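The following pair of complexes shares a single chain, chain A, combined with chain B in the former and chain C in the latter.
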Partner chain A sequence: MIEVENLSKRYFTTRALKNVSLRIEQGRVVGILGENGSGKSTLFKILAGVSRPSSGQVRIYDEPVGIQTRAFTSYLPEINPFYPWMQVDEQLEFLSQFYPDWNPAKVDELLLLMGLNPTAKIGELSRGQQARLKVVAAFAWPSRLVLMDEPLGGIDPPSRRRIVGALFDQYRIGEQTVLISTHLVGEVEEVIEEVIFLKDGEIALQGDADQLRQEKGMSLQDIFEEVAT
Partner chain B sequence: MNAFKALYIKELKDNRSIFLFVLMAALALHAYGYTRGVEGILPTPYIALAFLPVVAVFVLPFLLIHAFSQEFKGQTHFQLLSLPVSRASIVITKFLAVLSLGALLYVLATGTMHLLYIRLGKLSAPGMHMPGVAGTDLWLIVGQWYFGILLLLMGIATAMSGLKLIVHRFQNFAMTLFFLGSLYLYIRLLAGIFALNLLASHNIEITTGSGGLQQVPLFLPSLLFTLLFSLFFVCLGIFLYERYAEA
Partner chain C sequence: MSFEFDPNRPIYLQIVEEVKKRAVRGQYSPGTQLPSVRDMARDMSVNPNTMSRAYMELERDGFIATRRGQGSFITEEQNRIEAERHGLADIARDRFVDAIRELDLAAGQVNKLLRDIREAVDHD
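Moving on, here comes the complex of A and B:
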């Protein structure tokens, strides 16, 4: 379970998150939706342990964010975090040294699914291919928490649904909690079970995805647009 | 241990172009110094051979700073900081990678000098000006000052990299001020330690260039102080990285 209490993050004069509190049950697929600058990436960075909160508490599976939580968290940042001089297989081999449950057979399957050449140099991959590599790195081992910050950015529209479908049908481990932040709500609408709308660093709306759809009589995409305006 | 090794190897590979360039340049310079020295063309091959260690102690700290800053510049720190390892191990592996290059340069420089002694001893070349220490003692004497200064400057460089995380304006000015301040502090404190050298100096017997034996004092308190001073700055760098490094 992920518990966030009164979480705030300040960058100099900007407050990226303002007293955000939320609770996410284990095994849920949660969409964190919001416009640019709403605080989605900041929330992910804090959950991933690469950024620190200015105030507030975060606990993931009863552990404060740190080395222990990083050991069971897959984090896909919005940007390309890989070393451009490495080959795809070198990068994955590097990551495998840190996660004892790393599954090389699964890596091969995912590389095939994503259409990535293991010997390709990362610096020479397109933005879409880099996004695919991030997905491979995130699902190559049975992490308990997957944080996907704009995972579909750069991936061509026809491939998006196929990749999302395959990831959630074939490669997601049962109790894996997945947090997805995206503005391409339509592409992930089918897999999202719970949704949190962020606006100006605050939670504008949250709830069960089906329940929200029923209550408002519209799709998540439409709710997103309504909340954003 | 696997994770630490992976980080260390990653550091070596990440900086391999610069490391190889420095090594190749060193190799070329030493080959030149050695051949010229043997041929007797260079009356003081010592200058050519000693050039590199002197340059290395000033270049390597910059390489260390570069190793830290390139992670942020290339945004690879997102990956590095999300790994299940302490920030300390990230700092230490970067430090060790650059120190490894420093150690290689030391072996190369001192090794060439040693070889030249052996060769010149056989040739008994007249008029050759070489440092007053020969044989294995050369390794001790060169190593003492080389690693002393190198560790000191690399320690300060580690702290400077940590300081960069908290100083966001006038960074270059702050770094320069910190560097000069640290050196000033070191020299001021070292002056006090010098008195201890007289009390606790340890003499070693070395072989001189002419083949004779000579008693040379080894200033252990100064050396120990330099190592502790360097360690303090490395720890400061680790603390700042641990506390303030974030994406």
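Moving on, here comes the complex of A and C:
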């Protein structure tokens, strides 16, 4: 379970997150939905342990964010984290050093599923292919928490479909908790079961996706336009 | 088999309706074993957790039975499936009636629509 209490983050004069509190049960696939600048990436960085909160509490599976939580968290930042001069297989080999449970057989399966050539140079991959490579890195080992920050932004629709398909295929039911941030709500309607709408660093609305549809008779996309834009 | 969802309605309920429709159409005969939650989720392109919720709803409804270690099976009772055919028809009728009411048609136009429907359905 992820528990966040009164979390705030300030960068100089900007308040990126304002008193955010939330609870996410283990095994859920949750959408963090908001426009650019709503605080999604800041929240992910704090959960991933790469940025410190200004105030507030965060616990992941009963641990404060730190070395222990980083060891079971797979974080895919929005920026491209790869080295352009490396080949796909070299990059994955490099990453494998950081994860004791890295699974080379799983990597081969994922490369095939994502349609990536292991000997291609990263610098020559399209944005969509680089986004797919992030998915390979994320599911190459059995993490307990996957944080995908804007995995679908700025990439071609076939790559989006591949990424969403991989999620359904690779997601370990009941064990893995997956958080996906995006402003492309229509792309994740069938993917996410819980939603947290962020606006200006605050939670505008949160709940069960199907229950919100039932109550409002609207799609998540329409609810998003109503509450978070 | 890909399946188009209406994003304005709860997805797990649409899966429940789809499974019932498949049984009503004879695509799943009584007692048929359903695909696993994971396979069905992949086929319909939905989150496996949503699929699992749909299976739970179908089970609570008595439309499928889950036997531990064996999987989920469509009810063996033909009556139950027949009842569902009528239930689904009622839902379709209500949606149609709501849509037509909004248009405030004259009686003649409604009669023509009904004739068109009968003709279209008979031709299938």
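List of remarks:
As a working rule, the second predicted complex is superposed on the first by the 217 of 229 C-alpha atoms of A that agree within 3 Å, B and C clash if a C-alpha of one lies under 4 Å from a C-alpha of the other, contacts with A are read in each partner's own complex, and residues count from 1 in each chain.
One rule holds in what follows: a residue touches a chain if its C-beta (ideal position, glycine included) is under 8 Å from a C-beta of that chain, and two chains touch if they have at least 3 such contacts.
A quick note: this is a predicted structure, and the numbers were derived from the prediction, not measured.
Legend: residue contacts after superposition of the two complexes on their common chain; A:P81 is shown touching chain B, with no touch to chain C.
Once the two complexes are overlaid on the shared chain, A:Q211 sits against chain C while remaining clear of chain B. When the two complexes are overlaid on their common chain A, residue A:G27 makes contact with chain C while staying clear of chain B.
Within the superposed three-chain model, A:Y11 lies out of touch with both chain B and chain C [touch as defined at top].
The touching residues of chain A, counted against chain C in their complex, run 27-29, 164-165, 168-169, 171, 173, 186, 189-193, 209-211, 213-214, 217-222. Of all residues in chain B, those touching chain A in their complex are 2-3, 5-6, 10, 13-14, 74-79, 81-86, 168, 246-247. Within the complex formed with chain B, the residues of chain A that make contact are 12, 45, 48-52, 67-68, 70-71, 73, 75, 77, 79-86, 94, 97-99.
Considering their complex, residues 5, 7-13, 37-38, 41-42, 45-50, 52-53 of chain C touch chain A.
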